[in-house]
Structure formats: C-alpha cells, structure tokens
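Listed below are the structures to be examined.
Same chain, two partners: subunit A is paired with subunit B first, then with subunit C.
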Partner chain A sequence: MKIGKNEFKLEKRTSLSGWQATSIAVLAVLMTLFLFGFIFLQAGISPGMAYREIFSYAFANKHGLPLTLNRFIFLLFTTYAFILPARAGLWNIGMTGQMYAGALSAFAVLYAFGAQQSKSLELSAGLVIPLMVLASMLGGLVIGAIAGYFKGKFDTNEIVLTMMLNFILFWLVSFMIKEGGLFMNPGGRGESFELPPSVYAPLIGGVPFTGLVAVLIGFALEFLFDRTQLGYQIKAFGKSPRAARYAGIDTFKIPFMVFLLGGAIAGLAGYHYFAAVPGVYKIARNYGQFGDLAFYGIICGLISQSNPLASMPVALLFGGLSIGGRFVQGKLHMAFGVDYALLGVLMITLVAFQFFYRYRIVRVSLDEEDGHA
Partner chain B sequence: MTQEEKSQPVLSARGITKRFPGVVANDGIDFDIRPGEIHAILGENGAGKTTLMNILFGLYQPDEGEIYIHGEKVEFKSPLDAIEHGIGMVHQHRKLVEAHTVLENIVLGHPHAGTILNLRRAEQEVRKLCEEYGFKVDFRAKVWQLSEGEKQMVEILKALYRGAKILILDEPTSALTPVETRLLLDSVQAMAKKDLAIVPFITHKLPIVLEISDRVTVLRKGKVVARLETRHATEKSLAREMVGRDVLFRVERQEVEPGKPVLEVEDLVVQSDKGFLAVEGVSFTIREGEIFGLAGVSGNGQQELVEALAGLRKPVSGRIVLDGVDVTHLPPLERWKTGLGYIPADRIHMGSIGDFTLVENVLLNYYFDQEYNRGGILDYRKARQMTEQLIEEFNVATPGPDVLGRNLSGGNLQKVILARVLSRRPRLVIADLPSQGLDVGATEFVRNKLVEAKVNGAAVLLISEDLDEILDISDWVAPIYEGRFMGIVPAAEAEREKIGVMMAGYNAEGVAQ
Partner chain C sequence: MLEFITRSLDASMIFTLAALGELIGQRSGILNVGVEGVMLFGATLGFIVAQTTGSYVLGFLTAVLIGGIIGLLHAAFSVVLGGDQVVSGMGIWIVGFGLTTYIGSPYTGPLGMERIPAVLGVSPFFFVGVLLVLITWFVLQKTSLGLAIRSVGENPAVAEVSGIKVARLRILCETVAGMLMGLAGAVYALNYNPVWNYNFLMGWGFIALALVFFSMWNPWFLLGGALLFGTMWQLSLNPEMVLPGVLSRYIWRTVPFIVTSIALVLMSTPWFRTRWGAARPQALGLPYEKD
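== the complex of A and B ==
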C-alpha cells in the first residue's frame, strides 16, 4: 500500500516480546472502545458519557466494584482451565461443564450435611467450607479427567469431547435443581436450596476468599510452567508432541494431567459463583448464563497468550466491562444487552488483532527504493 | 571467450540478486549454460543454491538481475513461464502421484492432456522420448511400486515430455543406491549428447561433479567464488572453494578393542504404520567401541527398526537387550536412563523444538536427570551453564543459549542435538542419518564425534544412505533390504561394489533374496 512517499508492507514477525504483545492487546481494547462508540452514537448516547458510566461503575463504585471482582475471580478460574491444556497444545472447551460439576459437588457436600432441609442449619464452617472447596475441585477434576483420559489413551478429539460434556452437565444441573431433583429448593422456583448462612464463604475486604485463591493459583501456574519438570514436559508436549515422545515424555500422562488439573480449577469457579458470591448462595435458575460467561475463559486465555499472570488484567477488564455494560444499559434505558455486545466486539477485535502477533507493518520510504532501482 | 562465441549460451544469468530479511541469499550471480553441457552448481547448505534454483524455475523473482534464454531477456512470474521457455526441474523430493501409473504422472499437467485424456497418443510420444534417451520404464506400473531411481527417471521424462531443453536436477543422487546412481549418470550423459543442457545442483558429492560435469560454478555465501572447467578441478580444490578452507576428506579411523556387548537384538520383527512387516527378524550385537553401519536406501525398514530400539514402536516379536537389561517392553524414558542416546533423522520436528530456546532444547535429554531435576523443580541455571559449555565445545554458531532452535541452521541444530546426546555419555548411540543435508564441514564434524564416542567406549548404530559415510567409519556393515539384513560384513571385507549390490537385495554371494 502506498501513502505519499512511503510504502507500507506486511512483514512476518520472527519474535514477539511480552511488551509488544501487551501493547497490541491495549491497542485492541482502545480500538474496541472506539468502534463501540458508534453503537452508542447510533443509539443517541454520547460515547464519552457512556464509557465514563461503565468504567466508574465497574471499577470505582461501591456496588459495582464487588460485582466486577466476583466476575473477575470466576473468569480467572475458567481462564486457567483453558490455559493449562492450551500450554500442552490442547483445547479445553469444557470449562462450563467442569464448572457445573464443581457447583454440584459443592452442593452435594451441603446435601450430605442435611442443608437442604433447613436454611438455618448451624454447620461448622471450618469443616464444611474446606470440604465444599475440595469437592468442587474433585467434581471438575473428574469431568476434566474423562476428556484427558480419552485424549491420552485414544487420541480422541478433545474439543468435541469437552463440548459434549458441557451439554451433559448442563442438563444434569437442571435435573438436580428443578422439580423433583435432589437439590431442589423447598419452595420450588426451579433453583437449588440455599446455603445456610453459617457456611457462607469468608470475605476478605468484602471479596470472597476465592479471590485470594485465584491470584495464588495464577502465581502457582506461572511457577509450574517456568520452573518445574512437569511444566517443562507440558510445554514440550504442546510445542511438539513428536519431540516430546522422542525425549521420553509420557504422552498419556501429559494430556491426562492438564485436563485433570484444568478441570479441578474450573470446578472452583462453580464453588465461587454459587457458594461464595454474596447475594447468590444457590445454584440460580439462570445458571446457564454463568455457563456462557465461563466460555470467556477461552478468550481471556487466548488474549493473554496462555500466560497465567497476563490473564489477570484481561479477566479483570472482561469482568468490569460486563458489569459496567449491564449497568449502563439499565441506566440509559438501552434496548439491547450492552454487556454481551461489548464483550462480543472486544472479542472480535482482540482476535482480529492477533494478526499483529504474527505480522507487523513496516514502512519503506520510496525515495530510498528509487535510489538503487 | 572463444568457446563462448562458438556456442551461444542457452541460458544466461546476469547479476542475480535476491535478498531475504537479514540475508543476501544471492549476490550478483552471473553464469552461462551452453547447449549440451552438464554444468554443476556446487555449494554448501545456505550458499544460495536453492534460492538460485527457485529463481531459475520462476518460484522466486530476483530483486535485481536478468535472465536470458537464447540471448532474449525473459521474466518468469511463475514456474509455468519457466516451463514454457524449456526449463524442466526435477526436485530432490519427488512430486509424483503415488497411486497413479507412470504414464498418468508423465501426462499430468501437460497441455495435451486437456479435459479428455488421449493416453494412447501420449504413450506413443513418451515412448519415442524413451527410445531417444535410452530410458527403460514400465508405463503401466504404479508410482508407489517404483524404486527411488525409477521415480526420478519418471520425473525426468515428465520434464522432457513438456519440452524441457534445460534440465535442472536438485541433488539428483541423494536418495539413490550406487547402482541407481550409475544408471542416472549414464542417462544424464546420454541426454547431454542430444544438446540438452543439464544443471545438477549438488551439495557435497564431489566425485559425481568431477565425473559427469563439464563445468562447475561454485557458490559460497550467495556469491560465485569459482567458475571452472571440470577437467582443471580436483576434489580438494573444489572443496576448498566451497568451504573456504582446506577440508580433510577421510575421517581418521581409530581402531579400538571391542568390549562387552551393549546392544543385543534377537529376531526382531516390527510392523510399519501401513500394517506390513517392515523389519522381518533381524539379529545383531553391537559391542563397546564398535560402530555398526546400517546401509540401505530409505524405506527398507531402517526407520521402524530405529523406532523399535528407541521405544517409540512396539515390536511384534523379538528381544532388545541394552547394557544387559531387557528393554523390549520398557518405555522410551527408561531406555534413556539405561544408556540410550538417540540422534533422530528428523532433527527439526523430532530432535528439537523450534519454539524452545537452546537451553530448553538441551533439557530434552536432561529434564529427567537427577542433577537437573530436584524434586520436580528444574535447575534452569545449571542447564544454561551446560548449554553454554556445549555451544563452545561443539562450535555451535549462535549468538547465545537463549536463541530459539528454529533460528539455527540445520548444521548447527544438529551440533546441538549431537552435543546434548553425546554429553550424556550414552552406552548406545543411535545416529539416524546424522549427516543428511549437512555441508562438508559439518559432516566431517559429526563423523568425528561419532568416532570419538566409539573410542570412549560407546556402541554406535549408524544409519545412513551414504555408503561412503558407512564405509569410512563403521566397523561392521549391514546392508538392509526390505526389512532383512543381506549380511553383516566386517569393515575390512566391505567393498563398495559388494555392499552396493547387497543394498539392492542380493546376498554376499550375489544371489537375489
């Protein structure tokens, strides 16, 4: 392409530093806000005002911020569930199902303690909460392990398998919480029984302790990939299964392990949203929406290039935009779902900007070209 | 100059320059090809041969410079333009449809072929060509049934049928047995007599250059460094021009007293991916201080045998004993720990990871090692130190240990793999096509390192298609043909011709098996 005395060419990148990747992602976010501005304009709303509302509610409002943080934590867990297999070159599309399995398992612990009978049951938090957390991880782990086992043993397509498990788990939740289900709310209403207040998850500065867990897991994963033997094997398998096999890396163990661990972390997302977020404390009838939200873990993972630390700001942004978008939609009486529309545009832009991870635009001055032509 | 006046060149290149980001692959290359001459282009890997060839065939466009055919300036926008101007190319890697017959392959893509095939007419035309140049090939055979040499003949015929007057052969002898090489050289000479110009591009097969070519153009680092009549050249002088320094041709053989057996293979039977038996019951022993050379043309079971030894393929039956331990059913990692050192043939996809740094690539053979793995935590600092040391010891040309594997040239990558494997001091070294595609300097280096490993008491299994390599350094030579050893010959009794015949499926007495 020629503009004035310059010619612009695309050139394949030979390397991409973390700093470059970050600036590309930031540019993509700015581009999204710019593009979405036209949607606000078209609806007769000033984009500047709309964005001020979105960001101030999501990140600076005492009602909005906790909501943002809770979504952030949820997204972070599902992002990790994507990243672990992604580093081994495998696609986990099953964080939704693994998350549901985690939620069901946590409620199974409550059920075992008889919490379905009475909301005011006094349970020992020190015993029941750790059990619920462990159970949620175990639930996600089992569902993840199914995909990992078949991948490692028979090399089945993990995308298809994890996707199908999502449907099974979605209907299993429905079966458990709707009329006649074991976890049915005594008052019906198509949702699960409520958590007794005695086992509400402890809050740290107004945020469930799961937030701390999520951040710690991020650092643990970074350590896993950077320093450990298992992390090295995962990366080697992800970059070249043939070379990994040559080097004696167990080609069953690696796929199995990453899905198992990824599933366990996705299970935590289920515990977090349905048993730790203030104001929820049950598997709500609109649980399907959280299943959809869980898929954003894929996008966060892709954008952060499967880097667990980089995924934190990305998940925070996604959480904030979805909460702020929701708020502005109600406040400004907009006729469409701003939250998911905004996430959608952001997603498309970020994916389009992935192009710049592989190519860069270089400027060639035509004067020079003339010089030796 | 008088000679040039006598016969006007059919093809001239003037000042061909091609730049890629960071390198000038071709830098002002001039040369002429005359009718009826065999004009060899010689150069190491990375000298710019491939780029030049691709420019001549219209796959790349030069940044600068011109090409003239019969004195007329031409511009090739695609291979189709080149073909129309009478240039035919025979690639190093076959580009034939395996499931089709020879004739169908020859006709494919020919303007006459049109929408409705007239195979009868095509057959007559091709047959005439065969008679003219003395090719013998069964038109109705399927390509997959042919040997490498026959496939190459089909490719040459295909180019001739499309009217090629200038035939470009890319490393034409690289996959052929000695017998097939002989046949090829004869037909190349026959073709040259018919005023076809032939341009073989060759890496390091200097004897072939000397035998068949009329003139040689030597490339080094993208430039023409020598242009000479072959009769004035010697193996030494060509090698010096090509590498830029004197090269020893013979690796110093070193005799050591063989020690106790390291690898014992009994009646090993291995299946191929396609389901037939690729290795049909081989037995052999390699002792400490021995190099066992497996000679054969690719696809005769070498790959499956090596994979079975390395634990990557389950044998159907038989026994593999490594350093006294029956490893037949052990996974690869256990074999590495028992003393296996394996240098795979596919250094890019199997032997290394392009997106890994050199440190991480070295760790491929060390991540399980006690010294580098404390309770599941890898000691990257120590691995980095070792990588630096190996880079120095093995003369790897690289800016440092944090460079990605894919940024290394083939020769340097192979040095890293060799360094990593040999530094473990393995009891058994499996070197699968260790010098394939390497230039003279790197080849010499690799062979010397294998000899060094043997002197240090390792047992070495060397798999090679290059008979000279096998004969140069092996203590035992086992020609393999269709999954069977045609014999196991001590190096002292291994004559080139005899082994060549055995590689083609005859036993030591010359009886077809």
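== the complex of A and C ==
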C-alpha cells in the first residue's frame, strides 16, 4: 500500500520478543474494551459510565471485589489447564468437563462422610478438606488423561474428544444432583446437598486458600516450562512432534502428561467454585454457567501467549470484567449475557490480532528504493 | 413410533446439512472446528428475523447469509492471511456462543409461528438434505469443478501449477460450507425445535464435525452417519419410546457423546488408519502459500 512517498509492506515475523508480545496483548485488550463499548452504546448506555461502573464494582466495591477475586482464581485454574497442552501445541477445550469431574469428586468425598444427610454434621476439616482437594484433582486428572491417552496413543482429534467429554460430564452432573441423584439436595431444588460449615475452605484475608494455591501453581508451571527437562520436551513437542520424536522424546508421554496435569488443575477449579467460594458451597442448579466461564481460560491462555505468570493479570482483568459486566447488566437493565458478549468480542479481537503475531508492517521509503535502483 | 421416526429424520437432516458444509470445506483443505458457532449464529439470527418479520423465508435467508459471511471470513483468515485455522475455528465457536447468548436472550421463548407443513409425512428439509447430498456427491465426483476442489485439498501446489486458482476455490468452498451450516442452525431453530434458549445446541455442531471424519469424506456415508446419529440423538431425548424405565434420562443424554467419542477413537487407531486413512484430504488444515 502506498501513502505519499512511503510504501507499507507486510513482513513475516521470524521471532517475537517478550516486549513485542506484551504490547500486542495490551493492544488486543484495549481494542476489546473499545469494541465492547459498542454493546453499551447499542443498549443506549454511555460506555464511559458503563466502564466506570464495571471497574468500580469489580475492583473497589466491598461486595464486588471478593467476587472478582474468586472468579480470578477460577479463571487461573482453567487457564493453566489450557496452557499446559497449548505449550505442546495441543488444544484442551475440556476444562469444563474436567472442572465438573473435580466438583463431583470433591462432593463424593463429602458423600462418603455422610454429609448429604445433615448440613450440621461436624467433620474434621483437617482430614476432609485435603481429601476433597485431592479428589477434585484426581477427578479432573482422569478426564484429562482420557483425552491425553488417546491423543498420545492414536493422535485422536483432541478438540472433538475433549468437547464430547464436556457434554458427558455436564449430563453426569445433572444425573448426580437432580431427580433422585446421589448428591441431590433433600429440599429437591435440582441442586446438590450443601457443604457442612465445618468443612468450609479456610479463608486467607477473606479469600479462599485456593487463591494461594493458584498463584503457587503459576510459579510452579513457570519453573516446569523454563527449568525442567519435561518443560523442554513439551516445548520441543509443541514446535514439531515429528522432530521431537527424532530427538528421542517420548511422543506418547508428552500429550498424556500435559492433558493429565491440565485436567488435574481444572479439577481444582471445580473444588474452588463449588466448595470454597463463600456463599456457594454446593453444586448450584445453574452449574452450566460456571462451566461456560471455564472457556475464558482459552482466551486468557491465548492472550498471555501460554505464559503462566502473564496469565495472572489477564485472568484478574477478565475476572473483574465479567463480574462487573454482570453487575451493570442488572443495574442498567440490559439483556442477559453481557459477560458472554464480552467473551465473544474478546475472541474476535484475538483472532484478528493473531495476524500481528505473524506479520509486521514495515515502512519502505520509495525515495530510498529509487536511490538504490 | 411414527412421530419418533419423523423426529429422527428431522434431527438427521440438521446433522446432514451442517456436516455436508464441513465436508465441502474440508475437501478443499479448510478445517473449520467452529461448526457449532456458525450454527448458533444462523439459528439465532434466523429465529429473530423470522419472528420479527413473520416470514420463514426471510429467516432462512438470513441464516444462510450470516453463515456465508462467517465462512468467507474464516476462509479469508485461513487462505489470505495464512492464519491458524484451529484458532479461527475456535474463535468462531466462542464468538457464536458468546454473542448469540447476548443477542438472542431478549427473544427467549417459543417462535410462535405456524409450523412448517410436512411433505409426504416428513419435514421438507428431508428432501432438501438428500438432494444436497446428491448434488454435492455429483459435483465432487463427476465434474471438473469437483476434481479441482479435491486436488486443492490434496495438494494445492500441484493444483496451482495445473492452473487452478487455489485461494479462490478454497474461499468459494468455505463460503458455501458456512451457508450450509447456517441453514442447519436455522432448520433447528425454525423447524426442529422452534424455541430460543441460551446455548440451545449443546453439541450438535461438534457431533457434525465428528461425522465428517466418520464419513471418510464421502457424502453418502455422511448421510448414513447422520441418519444413525439423528436417530440416536432422538432416542437420547425420548428413551421411553423404545426402552421405558431403563436408566435415568440424564444418562441417556450422554449416549450420543459417548458413541461419538468411541467412534472417534476407533477411527484414529493404526488398524483403521492403515486401511482407510487415505480418504483424508492430505492438505487439510495446512495453510498454503503460493511461491
């Protein structure tokens, strides 16, 4: 394209520095906020006011901030579940199902202790809580491992397989909590029995301990990717599975491991939202909406370029935006699903910005070119 | 029982239309994993237009149009920019899921229009579906255009040398693919189950995507697979029709997904691949850049 004496050309990028990746990500987020503003305009609301409401509720309100932090923790777990396979060039879109499996497993522990019979049951927190956490990881791990096993063994399409598992687990949750299911609330409201207060997750400064776990896992993943042999192998496999095989890397182990570990972390998301967030403490009737939220993990993973540390501010921002979005939706009487719309707008921008990860625009002065000719 | 059969046929045709679109796109070498997203767009916008204008025709046209636009965008991203087709496809799905939930929610509820009349006891889309399968098979296998499409999907570099415009053909195929997926969505929302609800598809598009792999990229096998899965889906909704009182209805709902998973795994075994793996378009999902 020629403008004046300059010609602009597209040039393929050969590498992308951390700084460049960050600036592209920041631009993508700003672009999203800009585009998302149109949703408010269309609803007859000034975007400036809407954003002020969103951010002040999400980050500076005593009711909103805890919601934001809890969602942030949930998003972090699901983001890690996406990032681990993504580093190996694989798509885990099964964090929803893995998360459900985690929630079901955690409640299975409670069930084993007889917690469905009475909410006032006194259980030993020191025993039951660690068991629930472990069970949730194990549940997610099994579902992740199914996808990883077949990916590694037969190169089965992991997108379709993990999506099928999402639906299977979705209906299994209904089976367990509705119409006489084992975990059904005796009140029969189509939700699970409630957690006895004796095993509510301990809070650290008002935030469930899962927040600390989520942050620690982020650093552990960073260490795994950067400092360990497995991390190196995952990266090599991600660049080219065939080259990895020639380099002696076990091409079954890598897909299996990343899905297995990713699934275990997604399972924690299930424990977190249904057994650790104050005010929830049960598998709610609308659990499907929590499952949908897990897909934010894909977006956070893509924006942070599969960097676990970078995903923290991203998850915090989108946790806040989705909470704040839902709040203004109610306050300003907008249609349901503002947070879903945000998900959509984000994805449009992200796909468009993939372009900038691959190309850059360079300016060639025509005078100079003539001079050389 | 008769109602069960006609409902199954209706369901099968939704799978057929969506999967046929995906098959055409894949034959030209473009993978679109966002079938469900395109269907959601077609279904939601078709539903809104039909309800506000009171015209089925406008509803279906809208769905086909929006499907075509999404297909065109996906093709442009994949072909012109050489982007990652899986990223774009996942994008289509998430955008479809997110935006249609927001756009459609004020229209939650039944369509409230007179049902589309049946022809010879079945929905007219049964004939549309079978006819489109026939046309697709004929074009792909018996015409020079079909040969060009197949060669573009197998080896674009060779096709280009032999004078075929690879980019143009892929864009054309993927646009048609999107139109069919949009139509499939509208058939769901305007005929099969004319009630708008948040994220109502619950996996139809992903099963349609899997059906293309099962079909060995053959439109007739695809029709057969769609009939099987349509019946199975219907059975999972109304298990009491055939096996009253056996298993919870929620367990029945998992059956189509379990069967899809098992079939998908079986098809990826070396035993299967060495025998029938050659049917897969060799250049599927790979960006092609002209030298």
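Heads up, the rule we're going with is that the second predicted complex is superposed on the first by the 359 of 373 C-alpha atoms of A that agree within 3 Å, B and C clash if a C-alpha of one lies under 4 Å from a C-alpha of the other, contacts with A are read in each partner's own complex, and residues count from 1 in each chain.
Operating definition for what follows: a residue touches a chain if its C-beta (ideal position, glycine included) is under 8 Å from a C-beta of that chain, and two chains touch if they have at least 3 such contacts.
What you see is a predicted model, and the numbers here were worked out from it, not measured in a lab.
Trainee: After the alignment on subunit A, I want to confirm one thing: do subunit B and subunit C clash, or do they fit together?
Mentor: Aligned on subunit A, subunit B and subunit C fit with no clash.
Trainee: Of the two partner chains, subunit B (first) and subunit C (second), which one does A:Glu11 touch, if any: first, second, both, or neither?
Mentor: It touches subunit B, and subunit C stays clear.
Trainee: Which of the two partners, first being subunit B and second being subunit C, lies in contact with A:Tyr340: first, second, both, or neither?
Mentor: Only subunit C is touched by A:Tyr340; subunit B is not.
Trainee: Just checking: does A:Gln354 make contact with subunit B only, subunit C only, both, or neither of them? Give me first, second, both or neither.
Mentor: A:Gln354 sits against subunit C, while subunit B stays out of touch.
Trainee: What is the contact status of A:Tyr51 with respect to subunit B (first) and subunit C (second): first, second, both, or neither?
Mentor: Once the two structures are laid over each other on A, A:Tyr51 reaches no partner at all.
Trainee: State whether A:Arg242 touches subunit B only (first), subunit C only (second), both chains, or neither.
Mentor: In the superposition, A:Arg242 touches subunit B alone.
Trainee: After the superposition, just quote the angle formed at subunit A by subunit B and subunit C, using C-alpha centres and rounding to the nearest 10°.
Mentor: It is 70 degrees after superposition, to the nearest 10.
Trainee: Touch check for A:Trp91: first (subunit B), second (subunit C), both, or neither?
Mentor: Touch status of A:Trp91: second partner only.
Trainee: If you tally the residues of subunit A touched by each partner, is the higher count for subunit B or for subunit C?
Mentor: Comparing touch counts on subunit A for subunit B and subunit C gives C.
Trainee: What is the contact status of A:Met164 with respect to subunit B (first) and subunit C (second): first, second, both, or neither?
Mentor: Only subunit C is touched by A:Met164; subunit B is not.
Trainee: Quick one: classify A:Asp250 as touching subunit B (first), subunit C (second), both or neither.
Mentor: first
Trainee: Tell me, in angstrom, the smallest C-alpha to C-alpha distance between subunit B and subunit C in the overlaid model?
Mentor: Superposition on chain A places subunit B and subunit C at a least C-alpha distance of 5 Å.
Trainee: In their shared complex, at which residues does subunit B touch subunit A?
Mentor: Those residues of subunit B that touch subunit A are 21, 310-312, 331-336, 342, 344, 346, 349-356, 360, 363-365, 367-368, 373, 376-378, 380, 404, 407.
Trainee: Which stretch or stretches of subunit A touch subunit C in the complex?
Mentor: 39, 91, 93, 150, 154-157, 159-161, 163-165, 167-168, 171-172, 174-175, 178-179, 181, 288, 292, 295, 298-299, 302, 335-338, 340-345, 347-348, 350-351, 354-355, 358-359
Trainee: Looking at the complex, which residues from subunit A come into contact with subunit B?
Mentor: My answer: residues 11, 14-15, 227-230, 232-233, 235-236, 239-240, 242-243, 245-250.
Trainee: For a test of understanding, state which residues of subunit C touch subunit A in their complex under the given definition.
Mentor: These residues of subunit C touch subunit A: 33, 77, 81-84, 86-88, 90-91, 94-99, 101-103, 105-106, 198-199, 202-203, 206, 209-210, 213, 248-251, 253-254, 257-258, 260-261, 264-265, 268-270.
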